[in-house]
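Chain naming follows the written order as A, B, C, D and E, and within any one chain the residues start at number 1.
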Amino acid sequence: GSSSSTKQSNSSPGTGDQPTEIRIGYQVIPNAELLAKAIGIYEKKFEGVKVNWRQFDSARDVNTAITSGSIDFGLIGSSSVATGVAQNLPYQVIWLHDVIGDNEALVVKKGSGINTFSDVVGKKIAVPFGSTTHYSFLSALKLNGIDQSKVTLLDMQPQDMLAAWKQGQIDGGYVWYPILGKMIDDGGKVLLTSRDLSKKGIVTADVCVASKSFIQKYPAMVTKYIEALDEAVKFYRSNKGEAVKAMAKELNVSESDAGLFMDQLIWLDASEQAGSNHLGTTNNKGAFAQALKDTGEFMVTQKSIPSAPALDVYQQAIQSQFVSKVKESKSGK
Amino acid sequence: MEKEVKKSLSSVRKRGIVSKEIYITFISAVFFLLLWFTITKLKIVPEVFFPSPERTWVTFVDLLQSGYKGNSLFYHLADSLLRMFIAFFLALLTAVPLGLLSGYSSKIRAAFDPLIEFYRPLPPLSYYTLLVLWFGIGNESKIALLYLAAFAPMYIAAMSGVKGVYEDRIHSAESLGANKWQVFRYIIFPSCLPEIFTGMRTAMGFTYTTLVAAEMVAAISGIGWMVLDASKFLRSDVMFVGVIVMGVTGILLDRLLRGIESKVIPWKGKG
Amino acid sequence: MEKEVKKSLSSVRKRGIVSKEIYITFISAVFFLLLWFTITKLKIVPEVFFPSPERTWVTFVDLLQSGYKGNSLFYHLADSLLRMFIAFFLALLTAVPLGLLSGYSSKIRAAFDPLIEFYRPLPPLSYYTLLVLWFGIGNESKIALLYLAAFAPMYIAAMSGVKGVYEDRIHSAESLGANKWQVFRYIIFPSCLPEIFTGMRTAMGFTYTTLVAAEMVAAISGIGWMVLDASKFLRSDVMFVGVIVMGVTGILLDRLLRGIESKVIPWKGKG
Amino acid sequence: MKVTVNKTKVIEMKHVELTYETDSRQVYALQNINLEIEEGSFVCVLGPSGCGKTSLLRIIAGFQQPTSGDVLLDGKSMSPKPDRHRGVVFQQHTLYPWLNIKENVEFGLKMRKVSAEERNQTVKHYLDMVGLSQFSQSAPYELSGGMKQRASIARVLANDPRIVLMDEPFGALDAITKEQMQENVRKIWKETHKTFFFITHDVEEALLLGTHIVVMSARPGRIIKEMHSPIPYEIEEGQSRKYRSSETFIDLREEIINLITH
Amino acid sequence: MKVTVNKTKVIEMKHVELTYETDSRQVYALQNINLEIEEGSFVCVLGPSGCGKTSLLRIIAGFQQPTSGDVLLDGKSMSPKPDRHRGVVFQQHTLYPWLNIKENVEFGLKMRKVSAEERNQTVKHYLDMVGLSQFSQSAPYELSGGMKQRASIARVLANDPRIVLMDEPFGALDAITKEQMQENVRKIWKETHKTFFFITHDVEEALLLGTHIVVMSARPGRIIKEMHSPIPYEIEEGQSRKYRSSETFIDLREEIINLITH
């Protein structure tokens, strides 16, 4: 591929302020980006520029890929962004693909004797360490004033979690779809969702990051990119049937499932993202920076990272001018 | 006994001993198929993890017809095999000479062996990031990872083969005027062929098991990626198809290597 | 040349040829350390992924003193080694006899070989979930995974060793009245020891590389888990410490195996 | 000249043929071999290099199947598997490198679960006999060529087989050692009434040991002459040298040499 | 009796001692060996099994370092590395199983990058000589014991070394083949003035070939007698048999046999 030849230059050199190709590292999550990919918005938007889609499975690999200059845009969970920013990775937040809602939840087994959240004391709960659910669960513990050491926390990937669940080796897990669905089908009881937590200020999200050098070199392209995402959100809201159909194909699941998965996420258009609850504007940074900062601080208490930077570092890592611009241009029309 | 079987293979064929073995293999295959049936019929293992043979077959046919996420099953397989072959051959061309040299010269061994011994036990995860940094997210980094997986078994096999070369064989070649290089090329190398082939077979299996790890980063094709992707979405039927395809091609590749081995070293065991 | 060196090791020691090799190893180690320094000093690779030697050292000292997430570094290592050793010995006790038998009897081979050849190339990921279903999330499933990793190389090595046994050696034992089992135990087995040791060395490395995968599920200890966990939080300094610990213990274990080998088969290469 | 003793036949070969098929060529090794070996006889086989002596021995030992023809052991069709009743001294040594000389020699006894004490005694006896007592703890690769050969002989004799098959066992021995070994073998043969099948290139050796001398032609190996000789029965212990000048000896020797050279 | 020809010394051994150290024991193999080998001479070494003949040969060949003492080659201290000027026929065959007989025999020539044409010619000549032309395409393990030995001899002779070291090369050959091989070797020696170092157990063979006969004692190997004999110079091609009855021959033979047996 072109990656090795363009290792350190963040994108292929193009004419003027347009690169010859943009490289997007996506993950298979039923959000605006995947919808945009499914219905080909980018290809229309970026005429003359090759759109190179690269699928990723973990934040770790996206981090590496952006740092090595192999991709220009990437999707990472908010807890990983907090780590990345703390480690000074060369990227900035430009968009929230989705705020995690009902698609991540804490389910517990029927006979486990857990009825309220405080019953998790003394139980075995599985989460994939380092993921957004890990952060969500630990935050929920803190919120309820439960000491972390009173719960047996197990590090498991979702599919292994289901196996352990079936074997009765765990009492519950904080996990996402489709495993979450299987556990619910298996009689699991949803105790807490990330949507609940977000209402209490513990926001987790799938975040779009773009490499710093790309932002500097091609700001116009970034704007266009956000426009495309914004259009996808609007398309979803206005043309739900078609959106679901396209997404079902992309996800390789039934349309009803696709619709369900899409609804579980909180989709935000550009103007919503520019609001103070989220990215905010250049002059008036939104709450998301604080959320990242909280996450970072939290990770420090977990000894996962040695230290978290100050709030303004997180604020600087959020480039909200693009959503603002898109919002203005939209409302201006 | 095996030895006899080998010795007069042509006569044996006529007498049908070989077909007896095929028969046993067949029975054992049928046994495992039945076991599979029974386990799924009795629902000993939840179907989400362990699809029934019928289900797997249907998925297989479906994957053959409509592919998986945009690429045909054959394409996925071919993509993986290509990566593997490139990695395997690069490893063969480097690991075997270096392993032989390390066995031959204690100086070369002193220089390279610690490095190789060091990287050998490392999990791919620990250096894949570095490979991506250096080689990007394209095929190069995947091939590099597979290369590293294939390297070690062949290196060790070649090195240990050298130690087993009958000393007087080397002496006789030297007395016939072979210089160090010629001894290496014409005596050490062929003497080690049996062990090298064992190393190649181990390496082939090893490369295959590393395939999923290699296709974890930024791939949208490859049989390893397919298995990985299916596992994320609990599509255990797709996983099973992928796994069976990997297993069967693995057996075929191994048979191929064994076939080449018996052509190349007919003298094995005849000292 | 190696052969000479081995032949009169005692006299060689006196003449200091061995220390010459240690010297080379030392130079090569220093070279790689310098390379590491240079790369990080020149910031060729981002520090997040490639910490400097100083940084790694500081982290190492810190981990030694305060451990990683609740357990000392030593505890993590010991936990992993224990899992590995159990798996390795279980594999040794099963794979070697089965491999030898498969090489010896074409019928046994026909029954077991296809199965082993089938599972061999499969990525751990594809069956780990099943192992968890059967063995739970405790140590058993981890050991089972490591066992499967160690099994294949030893099996192949043993099997291929049998094919290389000099035919008349078997004949002579039979003529001395050894029955099939005795030929197997007293002739085939020792004849294959050199190849078995190669298989053990390969298996040891392989088990190590599988450690991270094995400690992925429900572990909160183990050097593999530490590396994995650190990788999630971009703690490449911790990763590097873990990786270096794995590499160094890997070298030590390999040296141990080589030492045992030269004690057990002093006749290697003396036909 | 011909001495016929009316004894049972241990081995009978009828119309035995052997052809080796290899990738590059076919080698017609044995042609129409008909041979009867009597119990307690000492068969010596002479013949040019590559004529098929070893092949013949391997068929009797059960290592090799003839391409056609029958081989009978005690009148019954022979099972094509080696067993302890047919001990073989190979043309090239097959000592086991992982065992020391003592362990090599006691190998057969151990396989039969003979008690350690009896084993030690037997091994000591045979190692003394072949002059290797001092080397009982040595590894095979620490022995000279002739010493390896002697160790192989001890290994087979210690195992007390009914039929002893030897392929040029004394080829790498000096004259004196050879003479001693011949004495030993003759003594064992006389005392135990074992049957020997003994390949040699040394006509005098054949005459000093063989009661039944088989001369083979060059490839394809055929039996061109069989002779029965009384000499070995007559030789008294330690006196073999004087028989070399006996008339029967010189006559038979002449006859064989003429056969071989023409 | 002693024939002294004033020629240069190819090999000189001075106070050579050899002790093998093994885990289980120490073997004192060679004791105070002093030997001068003249260019163009044919040295035959006789001695009991295990006395150190092979060890001596291995020292000259450069495979083994003496524990003490000096070995000079052409008056200069010998480099302890084998080279093509000292060709070795081993006691046990070391043919390469992955090469066929032709390829084995041409191995040395190929190492020296002799042209294919010349190689073919040389190989043909020597395979004819040892009677293996028919087997040029066979694998070594398809040959009989004696045939392997002959192939090994052809391999060394084809490589035209200055010094030929042979360790019981004719041990596995029948009388006729042996005689032919002796003729061949003597002819080569006469025509090319090579130096031969030849280990044998056959006293007559030593006398028919050796101009310089070395008799060694049992372990630890010492040289107990050296003799120089004119016989090989005198023997005309194909006429060796009649020298067996010559007076010198019989006298020397008696002398050696007496030496050995006492």
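Odds and ends about this structure:
Simple rule for what comes next: a residue touches a chain if its C-beta (ideal position, glycine included) is under 8 Å from a C-beta of that chain, and two chains touch if they have at least 3 such contacts.
Protein names from UniProt, one per chain: B, C = ABC transporter permease; D, E = ABC transporter ATP-binding protein.
What you see is a predicted model, and the numbers here were worked out from it, not measured in a lab.
The minimum number of touch steps linking chain A to chain C comes to 1. Most remote from chain D, judged by the distance between CA-atom centroids, is A. With each centre defined as the average position of its C-alpha atoms, the distance from chain A to chain E rounds to 83 Å. One simple way to say how far apart two chains are is to compare their mean CA positions; for chain C and chain D this gives 49 Å. Annotation for chain A: residues touching 2 or more other chains are 60, 64, 67, 159, 162-163, 166. Annotation for chain C: residues 46, 49, 129-130, 133, 166, 231, 266, 270-271 touch two or more other chains.
Residue numbers of chain D whose C-beta contacts span two or more other chains: 92, 139. Those residues of chain C that touch chain A in the complex are listed here as 46, 48-49, 68-69, 128-130, 132-133, 136-137, 216-220, 225, 229, 231-235. Residues 20, 22, 24-25, 27, 46-50, 52-55, 91-93, 100, 137-139, 142-147, 150, 167-168, 171-178, 201-203, 257, 260-261 of chain E are the ones that touch chain D when the two sit in their complex.
If you check the complex, the residues on chain C that touch chain D are 166, 168-169, 171-179, 182, 186-187, 190, 193, 265-267, 270-271.
On chain B, the positions that touch chain C within their shared complex are 1-3, 5-7, 17, 20-25, 27-29, 32, 45-46, 49-50, 103-107, 109-115, 117-127, 129-130, 133-134, 149, 152-153, 156-157, 160-167, 170, 180, 194-195, 197-199, 201-202, 204-206, 208-213, 224, 227-228, 231, 239, 242-243, 246-251, 253-254, 268-271. Residue ranges of chain A in contact with chain B, taken from their complex: 1-4, 7, 25, 28, 53-58, 60-61, 64-65, 67-68, 70-71, 158-159, 162-163, 166, 178-179, 182, 251-253.
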